[in-house]
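One structure, as C-alpha cells, below. Some questions next.
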Amino acid sequence: MNKIRLGILGGGGDSLIGILHRVASYMFDRYEIVGGVFNPDYEENTKFAKQIGINTDRVYNDFNQFIETEISKPLEERIEVVSVLTPNFLHFPMAKKLLENGFNVICEKPLTTSYEEAKELEALQRKHNAIFAVTYTYTGYPLVRHMKHMIAAGELGEIHKIDVQYYQGWINPVIHDPEIRKTVWRLDPKKAGISSCIGDIGTHAFQMAEYLTGMEIKSLLSDLNNLYEDNTLDIDGTVLIRFSDKFKGVLRASQIATGEENNIKVAIYGKKGAYRWEQENPNYLYHLKDDEPRRVIKPGNAYVSEIAADGTKLPGGHPEGIFDAMGNIYKGVAKAIRGEDFYDGEFPTMNDGVRGMLFIEKVVESNKNGNVWVSMENQ
Amino acid sequence: MNKIRLGILGGGGDSLIGILHRVASYMFDRYEIVGGVFNPDYEENTKFAKQIGINTDRVYNDFNQFIETEISKPLEERIEVVSVLTPNFLHFPMAKKLLENGFNVICEKPLTTSYEEAKELEALQRKHNAIFAVTYTYTGYPLVRHMKHMIAAGELGEIHKIDVQYYQGWINPVIHDPEIRKTVWRLDPKKAGISSCIGDIGTHAFQMAEYLTGMEIKSLLSDLNNLYEDNTLDIDGTVLIRFSDKFKGVLRASQIATGEENNIKVAIYGKKGAYRWEQENPNYLYHLKDDEPRRVIKPGNAYVSEIAADGTKLPGGHPEGIFDAMGNIYKGVAKAIRGEDFYDGEFPTMNDGVRGMLFIEKVVESNKNGNVWVSMENQ
Amino acid sequence: MNKIRLGILGGGGDSLIGILHRVASYMFDRYEIVGGVFNPDYEENTKFAKQIGINTDRVYNDFNQFIETEISKPLEERIEVVSVLTPNFLHFPMAKKLLENGFNVICEKPLTTSYEEAKELEALQRKHNAIFAVTYTYTGYPLVRHMKHMIAAGELGEIHKIDVQYYQGWINPVIHDPEIRKTVWRLDPKKAGISSCIGDIGTHAFQMAEYLTGMEIKSLLSDLNNLYEDNTLDIDGTVLIRFSDKFKGVLRASQIATGEENNIKVAIYGKKGAYRWEQENPNYLYHLKDDEPRRVIKPGNAYVSEIAADGTKLPGGHPEGIFDAMGNIYKGVAKAIRGEDFYDGEFPTMNDGVRGMLFIEKVVESNKNGNVWVSMENQ
Amino acid sequence: MNKIRLGILGGGGDSLIGILHRVASYMFDRYEIVGGVFNPDYEENTKFAKQIGINTDRVYNDFNQFIETEISKPLEERIEVVSVLTPNFLHFPMAKKLLENGFNVICEKPLTTSYEEAKELEALQRKHNAIFAVTYTYTGYPLVRHMKHMIAAGELGEIHKIDVQYYQGWINPVIHDPEIRKTVWRLDPKKAGISSCIGDIGTHAFQMAEYLTGMEIKSLLSDLNNLYEDNTLDIDGTVLIRFSDKFKGVLRASQIATGEENNIKVAIYGKKGAYRWEQENPNYLYHLKDDEPRRVIKPGNAYVSEIAADGTKLPGGHPEGIFDAMGNIYKGVAKAIRGEDFYDGEFPTMNDGVRGMLFIEKVVESNKNGNVWVSMENQ
C-alpha cells in the first residue's frame, strides 16, 4: 500500500498545531509528508523542512507556487491531500483554491471567518467531490466515538438533555490589566473575528453536541461576558440550546474559568441511560442507568464498539499517552547519539537492564529458598 | 539537522510493540526508519516494509545479512541505532552482535534471559562506548521524570518508605483451565525464562523504584504464587525490599489481579513530603506534605521541572492522548482518500465546519439582540 | 449547660427527613426532643414517640393543642424551638403561629408555597425577634463553609463567574409513562406548587450561589422543560443568572438527568483563584490558581478555617460517614441484645478482638525472629 | 419498644472516641445513655454528664461503684450494655468484671494488651453468654458490608489474592526529633504495648481481611521499621499473609506515610471478579471483572444487598456525611438560641427562605414569558 502524499501549509517552527498534525499523520503509517509551505519566509521554510526530514524539492516559496507546481505533476505523484494550518483568515482562500484545483483538504478549525465563506467552500467541495476534514480533534478520542456509536445504536434511548462545557482559565492572568489585554490577538476583532471564547472553544463544545447526537441544534439563546467595556470580544458565555421542544440543553464556555486548563466535558441524558465524559480523563467513560451500578467504559477492552477499537492501539490500562512516554525515551536517545546534553534519567540505560535481570533472579531465589533475604549487590 | 538512521529488528505485522516504537521514533522528527528485519519471513518482511512506507532496499533477509551489509556501508550512510523488538531470548545474541559491530542499541525489556548475559552485554557496551537504552517505557512519562528530578533536588527530604505496584488481571481468564494454561507462552519456562509475573511486570516496578530514588535496592525477600502445581512460573508475588536499614519498602506484582489492566503505581514517602502517581491517570501527580493541602501537579504548566516540560508537547489539560485523537482523524481521512470503508463520524467533515461558523454568528447575534432565541437552521 | 428543649412537627414513621433532623439534633449533645406532633394520627403519634424514646406526656393530638399547652407552661419548661417537617403547604400556617406565640423555628425548605407568604413570615420573625432557620442542608458541609469563609476573606479576589448544578435522575423512570406520571405528587401543582425541579432542587443550587458569594442575584432568565404536554410542572431547567454586569453565571437543575443521584456541585471563579466542590465527594475541595498546582483541601486538617474546623468532629481522612459506620455497629448490637435477627458481620465480635491480639503478637514475633513465617492458628 | 439502657466508661471531655460512640448510639433511636463514669475525676465526670444531658444520679465515682450500684438494681432498670472507651490497659480488667457481673459489652479496640488476656475474656463471654462487640469501626460502612455479603454469596468466585493497606502520616512530623519522639505515648511500650503501627492500625487492616473473606489467616511473615534505634516500637511494616497455599496476600501499614490521613483500603481478587474500596471515598465500591466494564456500586440504591441497605439511611448520592451537615446547622441554631457567638453562615436564615421563594417564582415567570430577563430584587 502506497502512503498518501501529504502537503502541509503552515505549522513550521515550534507551532504546536504543526507537531500535532505531523505526529497524527505518522501514527498509522499511512501518510508521507512530501512537501508544503511551512513558513512564509522561504529560508525558515527550507530550514524547517530539513529539520523534520522533508526533501526540500517540494518545499515551495509560497502557496501559489505550491498549487502551480503540484498540478503540473502527474496524478500519481501529485500531493493528494493538504493540511491547512495557517492563521484563521487564510483558511478560506487557501481551502478554496485547493478545492478548485482538485486537492483533498484537512483544515484546522474554525473553517473560515464567516458562515458565508463556509457555505461557499461547501458548495465547492460538493462540486469537486473532494474529501474535506475539519480538525475538531476531540472527536478522535476512542471513547467519544464509542459514545456516538452507542447513541446511534439506541443505547441511551430517546435523548432529552445535553450539557456540554469547555472551560479554560488562560485569559484570566491577562484580562485584568488594561494594557496587557490590548496585546492579545484573541481579543483583537481584526484577527480573531467576531468572537473570542465562543469562536475558539465554544465551537468545540457545539460540534461535540451535534457529533454525539447526530442531530442539529434548532435554536439557541446566548449570554456572553466581555468583562471590561474596552474589551470587545466575549471571553465567557452560556448558550441555551434546543434540539427540539423536548430535547433541550446548555453549552458553557469560558476563558476566565481561573485555573482550568482544557476542560471540555459532556453529559448526555436519555430515557434509557446517560453518558459522562471529560477530556482530562479521556480513558474513562461513565455509563449511567436507572437503578444499576455505573459502568466505567475503558478503551482497549473487548467490549468496546468497533469504531473505538479501531482507534485504540494498545491494551486497556495503557493510556494513549504511553506513545508519548516512549517518544520521550527515543528523544533522549537521539540527544545522546547526537552528542547533545540530556537529562539524567532521560532514557533507561544498560544499567537498568542489568539490574532488572539481577532482580528477577534474586526474587526467584528468595522464594525458592523459603522466603529469605537475599542480597541485591551487583555481582 | 539530519535525522538519525534507525533500523528495526522485529515488530512487524500487528505487533503492538512495533507500532509503539515506530510512533515514538516519529514523535520529535528526529529519526528515519531506513531498514531492518521486521519479520523472519522475507516476503512478509518486505510486504510490511512497504505497508509502513520503508524503502525495501535495506530490508534484509535476516539479521546476519543486516549486519554484514550495513557495516559495509560508509559511516555517514550506515544505520546508527537499532531497535531490538524480537522475542526475549533473541535480545542477547542480537544486542551482542550489534554492540560488537559498533551500533547503538534500543532494546526492549527484559534485557536478556539471565543476569550473566546482561553483565556480558554491559561489558561490551563499555568497551564499545555505545549508546544503549532499555525501554522501560514508564519512565518516559513527564510526571515520572518530574518526580525523579524533584526527589533528587531534595523535595521529599530523606526517603523512608516506597510502595510500588504493578497489577494486571489478564492471566486470570486462562490460568484456571489446566489445558488452556499449558498453551500460554508466558507460562512456558523455555520461552519466558525463570519467571512470568516478576520477569514481565515486576521488573517495571523494580526499575521505577530505583529510577525514582536514584538508589539501589540492597536486599529483598519474596513470596511468589504459582496458584497451580502444574504451573511452574509465578503469576503473582510480593517482594519486601530494603534500600537501607531505615528505608524499606514493598513491591507488589500480579497477573491474577482480576479486572486490573496495566495498573502500575507508586507511592514514595520522605521526611518532608510524598509523591503518589499511577499510570492509569498519568497526568496527575499528587504531592503530599504534613499539614498542607495536597497539590496536584499536572504536565504542561509553567511550574513543572525542565525535564518534564521537555517531554510535554502541549499545554496543560490536553492529555498526551490528544495526539492519538488527531491520529485517528487522519486515519479516517486516509481511508476516505483511498476509497476504503470508514465509520460514520470517523472524521469531522465540511458540514461540521459550516455548522461551526453558523454557531458562532448566531451566538453573537442572540447576545447582541438582548439574549433572544435565534434559529440555527442552515441558511 | 441545659439542653435546648426541641419540639418536632411531622417526621414520624420512616420519614427520612425525620431521622435526618433527629440525628442532627443529637450530634453535639445540645438538644433534647421533649415533644411534638409526629403524625396526624394520635395513636401512630404516641407509638412513634415511644419508639424513639420520647416521653409521651408532651406528644400532642394536634398542632393547636401543642401551641395551647406549651404556652401555658412556664418559660423555663416550655419548648424553645420547633422543627417543622410537615408537607410544604403546612410550613406557612405552622411557622406563622409558632412565631406569633414566641417560639424559635427550624423549618424545612421550601419555606412556604409563595413569596408572599414568605415575606409575611419574615415580617413576623422581625417583630418577634425569633431565631429562624431554613434547613438548606448542604451549607452545613465543613468545606462549603470553608469556601464561604475564604471567599469573604478575599481568597478568590473579585469573582466573575459561578456555575452551580443540581442533577438528579429519579423522575426518569416514571415520567415517560402517561399513567404513572399522573400519580407523582411532585408533579401535581396542587401539592407541589408552581414548580417541581426548580422548587425542589433548583432552590438548593440558588441558595448555594448566594451563600457562597454573600451576594444577591440581580436578575435571571430561565428555560424550563416539562417534557410532556400533559405534565404541567418543570422537571428540568437552566437559569442564566447575573450578580452584576461583570459577574454572570449559570444554574442547572434536572430531575431527568438519568442515573444521577443527588449531584449538587459548584464551581466559582475569581480573579485570584477558583473553588470546585461537589456533594458526592464532600471531603474534597479543589482550589485552583493560575500557574500553580491545584490544592486539595480536606476537612479535619489544621489548615482549614475556623468555621470548617468547628463543624468537623474527627481528624482528616475519616469521612464524616464514619459516624454512620459506628452507628451501624451499635444498631447490630441493639438487635442482638433485643434478641432480634441480625446479619452475619453486623458487628465485630469477641473473636475479632481475640484474633487482633494474636495478630499483633505474631507480627512482632516474625519480625524479631528475622522475618520468618509464623503460624496464626489460635492457641 | 423500650430503648436499651447504655452505660459508658471513659469518653468524657473532648474525647473523639466519646463523641463517636455517643452519636452512634443515638443514630437509630435505640439506646438511651443512662449513666457511667466518663472521667476519673468525679467533678469533671458530673459536669460532663450535665453537658451531654445525662441525669447525674447514675453517674458514678468510679468503676467499682458503677458495678455495685447497678447490679443492686432490678434487671428491668439495670444498665444492659456498657461501652468501654478507657485507655487500652483498662479494657481487660473492666471488660472482665463487666462480663462476670452479667453485662453486655461494647469495647474499643485493641481488645486487650495481650492475646492471653483476650483468650481469658473470650472464655468468660462464652460462660456468661454475653453480647460482646469490639468496635472495628470500618466494618460498619455499608459498602464494606456489601462486599462481605457478596463475597460470601460467591460473587468473586474462589479468592486468590488480597491486598490491604492502612497508611497514616501523623507520626512523621514528630518521629525525626529525638526529644519529641520520646514524649509520644504511642511510642512508649509501657502505654502502647509491644507495637505502635501494627497494634493501632495494622489490626484494622487485618480484621478487614478476615471480615471480608470470612476466613482465617493461616500464617504470616512481617518486616517492621522502627526508623531510629532509640525508638523501640514499629511505626511502619509490611506483612506477607497466607490464607492457604493458593490464597496469599499482603498487608501494609504505616504511620510515616507522610501526608496520608486515614487511608485504609482493600483490593480483593477472585476467579470471577474483584472488589476495590477505600475509606477516603467510602461511597464508591469498584467491582471488576474480566472483559467487562467496571461497575461502581453506590449505597442507597435498590441494587445493593440487604445488609448494606439496612445500614444506609438516605437515598443514593447523599453521602452519609449529610447527617453531619445537618448537625452543624442545628449546632449553629443552638448557639443562637443560647445567645452564644456564631459564625456568619452557620445556619441558613429566614432570608434564605424568602429569597428561595422569590427565586422559584421568578424562574417560572421568566420561562412563561418566553425566556426573558426578570429582576430578582426583593419586592
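A, B, C and D are the chain letters, set down in written order, and residue numbers restart from 1 in every chain.
FYI, a contact is a pair of C-beta atoms (placed from the backbone, for glycine too) under 8 Å apart; a residue touches a chain by one contact, two chains touch by 3 or more.
Keep in mind that what you see is a predicted model, and the values were worked out from it rather than measured.
Contact counts by the stated rule: is the higher one at A-B or A-C?
Result: the pair with more contacts is A-B.
Superimpose the Cα atoms of chain A on the matching ones in chain D and note the rotation angle, 0 to 180, in steps of 5 degrees.
The C-alpha superposition of chain A onto chain D needs 180 degrees.
Taking each chain's centre as the mean of its CA atoms, which one is farthest from the centre of chain C?
Computed centres place B farthest from chain C.
Could you grab the centroid distance between chain A and chain D? Build each centroid from C-alpha atoms only and quote it in angstrom.
The computed centroid separation for chain A versus chain D comes out at 47 Å.
Can you give the whole-Å distance between the Cα centres of chain A and chain C?
Taking the mean C-alpha position of each chain, the two centres sit 42 Å apart.
Suppose each chain is reduced to the average of its Cα coordinates; what separation in Å results between chain A and chain B?
That pair's centroid distance is 21 Å.
By residue number and range, which residues of chain B touch two or more other chains?
Chain B, residues with two or more chain partners: 221, 223, 240, 260, 291-292, 294, 298, 301, 371, 373.
Residue numbers of chain D touching chain B in their complex, please.
156, 160-161, 163, 167, 169, 172-173, 176, 221, 223, 225, 227-228, 236, 238, 240, 246, 248, 250, 252, 254, 256-260, 267, 269-274, 288-292, 294, 371, 373
In the complex, go through chain A and note every residue touching chain D.
Per the stated touch rule, the residues are 221, 240, 286-287, 291-298, 301-303, 371.
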